[in-house]
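The structures come next, written out as structure tokens.
Each of the next two complexes has subunit A plus one more chain, namely subunit B in the first and subunit C in the second.
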Partner chain A sequence: MAKDIVAGVLCCVGTFFFLLGTTGLLRMPDIFTRLHPSTKCDTLGACSIIIGLAVYSGWSWEMPKLVVIACFLLLSSATCGHAIGRSALRRDIGYWRRKGTEVEDGDGA
Partner chain B sequence: MDDFLTVIALIVSLNAVICLYRAAVGPTTQDRLLGVNIVGTKTLVVVVLITFIQAESFFLDVAMVYALLLFVVTVALSRYLEAEGWKEAG
Partner chain C sequence: MKNLLALLFIIALAALLLYVAANMPPMGDPDNPTATHVIPRYLEGAEKETHTENVITGIILNYRGYDTMGEVTVIFSALAAVLAVLGRERRGRIHAYVDRSTVPSSVIVRTMVRFLVPLIVLFSVYTILHGEISPGGGFQGGAIIGGSMIVFTTIFGLYESSRRIPQKVRFPLEGSAVVTFFLVGVLGMVGGGNFLTYAWPRVAAGLQPALVTWLTVLVEIGIGLGGAMVLTSILFCMIREEEEIAVVA
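And then the complex of A and B:
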């Protein structure tokens, strides 16, 4: 019974972070700010749901597989975010700035 | 518990469909790549949830292979887009 409660709370937390990630991906103005909520969505959201299901499954053959998937997601989503960000930086995609606050000498914009 | 997991899977699937908007209309190619990456992660979570809804443990192996493929595809495509002389289509 306590197992089900812990698993349910972790799944709800993961779904909440997925909703946050979707909102950020749709609403943020440029690629560098979109990377920020989307990597949170990967690490916190997906890993919360998978760890919650590992708690729900108890001591069985599913649990080590779920832990391996969660650890791999923790490593791979951070690496994917870094690779996409570096790709955008090297292709000289401009930063977003609020209207009227452009830098005069064009530094970094 | 099965009904609860089904509701969670439906919400995550709906999120994935909404994220396809960014993959379709993203202004730069990196935006599209990011959108596809997010859709892939959500699909992975849905596959893991289906494992427990249908009580079929072999779906977990599918999820592991899917995570590996997603990582390789994203890193390879971002390295490809990083190369000099590549022009944005359209």
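And then the complex of A and C:
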């Protein structure tokens, strides 16, 4: 019973972060700010759901598999976020500024 | 005028398609032709007749072995076509790979790829060998190896990855899917059955379950290896990096 509640709460937390991440991806203005919420989908969202499922499955062969999947997800999605952000930075994709506050180019944006 | 004709044609086609769709049997009806002819036989008899726990593997490799052999041949002829147009990759003897992309790959990405690619290959081996009892199989496992090679080649370049899987290894293994399939099929004929029957009625009456299982696994391994090598070779053919020019000079 307690197991089900913990699993359910973890899955709800994961879904909530997916909702947040998707909203942020759609609403944020430029690549860097979009990268910030969208990486939360994989790390916090998917990992909470997977850990919730691991709790739900209890002591079985599914649990270590799920934990391993969560580890790989953490590693690869963090690497992906790093690669995208670094590539955008090096390609001189500019930051978003509020209208009227654009500064002269020259701060390495 | 032309637009009007096109519109009329589209309307006529839509009417025809809707008419046909309206006459189709309802979805999920147990009396559908799809549910009454061979499917019950597959579902009920697969485990006893093909000795594989996974019905899908039983259908793909055993009941529809001819079909799958054709698919394997299609993959091989795709490679042959790519080779005929592009030719094998030429790789120099000196490491002259220069990362000329706008953004060179960072240490973090390279370390992660070096760490993850062996695990991906391990997972594909698991997929291939477990295809007989769980979802997965040769095609999927081969595709996973091909995907891992794409990741590795993108980060480390053609020189490094074709050093890991050199041409002289790939060359004999590319046809392994077709060859394994054909050999297992002929073995069925030698054993007294038809082409691509896994059981050998004349040779091994008592061993049949184990024999069928192991031959299925053998075919899976052949498909997996062949598919992986074909995908890798196609990838290598399609990469024309600056490194090739740099080495030839």
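By definition in this document, the second predicted complex is superposed on the first by the 104 of 109 C-alpha atoms of A that agree within 3 Å, B and C clash if a C-alpha of one lies under 4 Å from a C-alpha of the other, contacts with A are read in each partner's own complex, and residues count from 1 in each chain.
The definition used in the following text is that a residue touches a chain if its C-beta (ideal position, glycine included) is under 8 Å from a C-beta of that chain, and two chains touch if they have at least 3 such contacts.
Small disclaimer: the values here were computed from a predicted structure and weren't measured.
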* To do: Identify the partner contact of A:15: answer first if only subunit B is touched, second if only subunit C is, both if each is, neither if none is.
  => first
* Which partner does A:57 reach: the first (subunit B), the second (subunit C), both, or neither? -> first
* Looking at subunit A, which partner touches more of its residues: subunit C or subunit B? -> B
* Regarding the shared-chain residue A:87, is it in contact with subunit B (first), subunit C (second), both, or neither? -> both
* Contacts of A:25 with subunit B and subunit C, given as first, second, both or neither -> first
* Just subunit B (first), just subunit C (second), both, or neither: which does A:34 touch? -> first
* Thinking of the overlay built on chain A, is A:69 touched by subunit B (first), by subunit C (second), by both, or by neither? -> first
* **Doubly contacted subunit A residues - partners subunit C and subunit B** => 72, 76, 79, 83, 86-87, 90-91
* Can you check the complex and tell me which residues of subunit B touch subunit A? => 1, 4-5, 8, 11-12, 15, 18-19, 21-22, 28, 30-31, 33-35, 37-38, 41-42, 44-45, 48-49, 51-52, 57, 60-61, 63-64, 67-68, 70-71, 74-75, 78-79, 81-82, 86
* Asked: What does subunit A use to touch subunit C in their complex?
  -> 72, 75-76, 79, 82-83, 86-87, 90-91
* Provide the residue numbers of subunit A that touch subunit B in the complex, in ascending order. => 4, 7-8, 11, 14-15, 18-19, 21-22, 25-26, 31, 34-35, 38, 41-42, 45-46, 49-50, 53, 56-57, 61-62, 65-66, 68-69, 72-73, 76-77, 79-80, 83-84, 86-88, 90-91, 93
* Structure fact -> Within their complex, subunit C touches subunit A through residues 102-103, 105-106, 108-109, 112, 115-116, 119
